[in-house]
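Presented sequentially are two complexes of chain A, the first with chain B as partner and the second with chain C.
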Partner chain A sequence: GIYLYGVLKRSVGEACTDLKREYDQCFNRWFAEKFLKGDRSGDPCSESFRTYQRCVHKAIKDKDIPIDGVEFMGPSKDKPET
Partner chain B sequence: MVKYFCCADLLKGTWDQVCTAFWQRYPNPYSNHVLTEDIIFREVTPSNCLISRRLLTKTSRAPRWMERYLPKKMSSLAYIIEDSIVDPQKRTMTTLTWNITHARLMSVEEWCEYGINPENGSWTQIKREAWISSNVFGLSRAIQEFGLARFKTSVTKTMKGFDYVLAKMQGETPSRTLAATATERARETALAAKEKAKGLASHAQKKQYV
Partner chain C sequence: MKIWSTEHQFSYPWETVVKAAMRKYPNPMNPSVIGVDVLDRGLDSRGRLHSHRLLSTEWGLPSIVRAILGTNHTQTYVKEHSVVDPEEKKMELCSTNITLTNFISVDERLVYHPHPENPDVTVLTQEAIITVKGVSLSSYLESMMARRMSANARKDKNTADKWHLSRFLQRKKTILEQLNVL
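Showing the complex of A and B:
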């Protein structure tokens, strides 16, 4: 079965929420039915992802949300030893 | 000085279910403080891992005693980044979550690893570590204590939210018969009635002593 619960949350860019939902639905299906099962036959969500990303990154810029220069899995590298 | 916290949690769902639930856990009845949720980066690596960055907006109210030390116009919104790596070969999911705003006031960093529970292969275990720090002169210790207490509360909420989403997912699998669901419903109703009766009884008892 396919479970679509987390598709109702809003995007940080008000105008992007519909695009986000469309992408999330596509992703959730791909993730459960293909990715976890080791099926690597292409990504059906790349188009909706691109559209959604254009919208959300514009919103992030407009709102000055400081995401630039933050490395992936970043802060763990300078974690103090405890 | 940094406050360190570590704990282990268990989810009654397979690793596959938990990972699927991870992307679908908002909204749930315990996530009202999460206002927005976005994927802002995602890629499948050459080694077939899924790496994602999620941006969350949460409401974060400071306690009364702290408010007087904060800028008057400080936003009550906090932006959170959650990076994750899902490795379907090793069956592990690693996440790192931290706040990118108000970080001088208080920084909370959480690292989690989700893996198959060795004792029960249809359950998922979570190893969780957190680092809480504050750079407010003279108040860092108090703020860190507050941060740790709030972090613990939020872990409880996260786990409840996960349980909720997992139960919904499992409840909708076709293998589950209607009869089994009905039996469970009846049991839940009976349990609720029992709890209510208990509550009434203790209430009545208290009244007697007043």
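Showing the complex of A and C:
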């Protein structure tokens, strides 16, 4: 039962969970304090995001999770410009 | 195929609800989501934030279904695309399962926007299309999934109202409630 609470915080790659938390913390702060308040400066978390991404994409590949080519019924067709 | 939709109102401004929605996983009130990762994220030319996330979920299929599927592999992956438009004050979120797709598909769409007459109230509209492949199990499973969607939607409302704005005791109670369910 209680263990669920710990399990809930994980990343798909067990090794990525700490990196994920670090990135999430950075992102959540930017999202709440800058983005939603109309501050258009870019998000400052790109470095922690890249480190976290490398880990996650490796885990996804290792676990053979089919993340590509998914059609959504939704939202707008515009692609992000990153 | 079952189409299911609902609407909720939160007694909080849009910003508050959207912050909660972005952080809703991991969340002890929705035990079916056991992990979440950001796959890609960026701003578009209109200043909207796009996020692609991978959710690891436990659907909690009944054991009879697991037996028929011939697997204990009820961990399913869901891909989610959300768009937050801070000017229009709209958050749209679409998700679909990317595993067990030969068997079932659950496409869900959520939109959060301020109440047109009251900026302190946020409206959530939620719709889902559930398709189960195969004949005999279909209607039973579709109804079951639709019921789960309803239950999860109620949790979502609780989530934004209580979890993120939370108190420790609230959380503790929820976990204990889960213990009873488990």
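The rule is simple: the second predicted complex is superposed on the first by the 62 of 82 C-alpha atoms of A that agree within 3 Å, B and C clash if a C-alpha of one lies under 4 Å from a C-alpha of the other, contacts with A are read in each partner's own complex, and residues count from 1 in each chain.
Assume a residue touches a chain if its C-beta (ideal position, glycine included) is under 8 Å from a C-beta of that chain, and two chains touch if they have at least 3 such contacts.
In this text, all values refer to a predicted model and were calculated from it rather than measured experimentally.
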>> One more residue to check, A:K20. First (chain B), second (chain C), both or neither?
In response: both
>> Taking the superposition on A as described, I'd like to know which of chain B and chain C A:S48 touches: first, second, both or neither.
In response: neither
>> Considering only the contact definition stated at the top, list the common interface residues of chain A for chain B and chain C.
In response: 1, 4-5, 7-13, 16, 20, 23, 27-28, 31-32, 35-36, 38, 40, 49, 52, 56, 60, 65-67, 70, 72-76, 79-80, 82
> Which residues of chain B touch chain A in the complex?
Replying inline: 2, 4, 16, 19-21, 23-28, 34-42, 44, 48, 50-51, 53, 55, 57, 79, 81, 83, 85-86, 88, 94, 96, 98, 100-101, 109, 111, 131, 165, 168-169, 172-174
> Where on chain C does chain A make contact in their complex?
Replying inline: 15, 18-19, 22-23, 25-28, 31, 33-50, 54, 56, 77, 79, 81, 83-84, 86-87, 92-96, 98-99, 107, 109, 129, 175-176, 178-179, 182
> Which part of chain A faces chain B closely enough to touch in the complex?
Replying inline: 1, 3-13, 16, 20, 23-24, 27-28, 31-32, 35-36, 38, 40, 43, 49, 52-53, 56-57, 60, 65-67, 70, 72-76, 79-80, 82
>> Touching residues of chain A toward chain C in the complex: what are they?
In response: 1-2, 4-5, 7-13, 16, 20, 23, 27-28, 31-32, 35-36, 38, 40, 42, 49, 52, 56, 60, 65-67, 70-76, 78-82
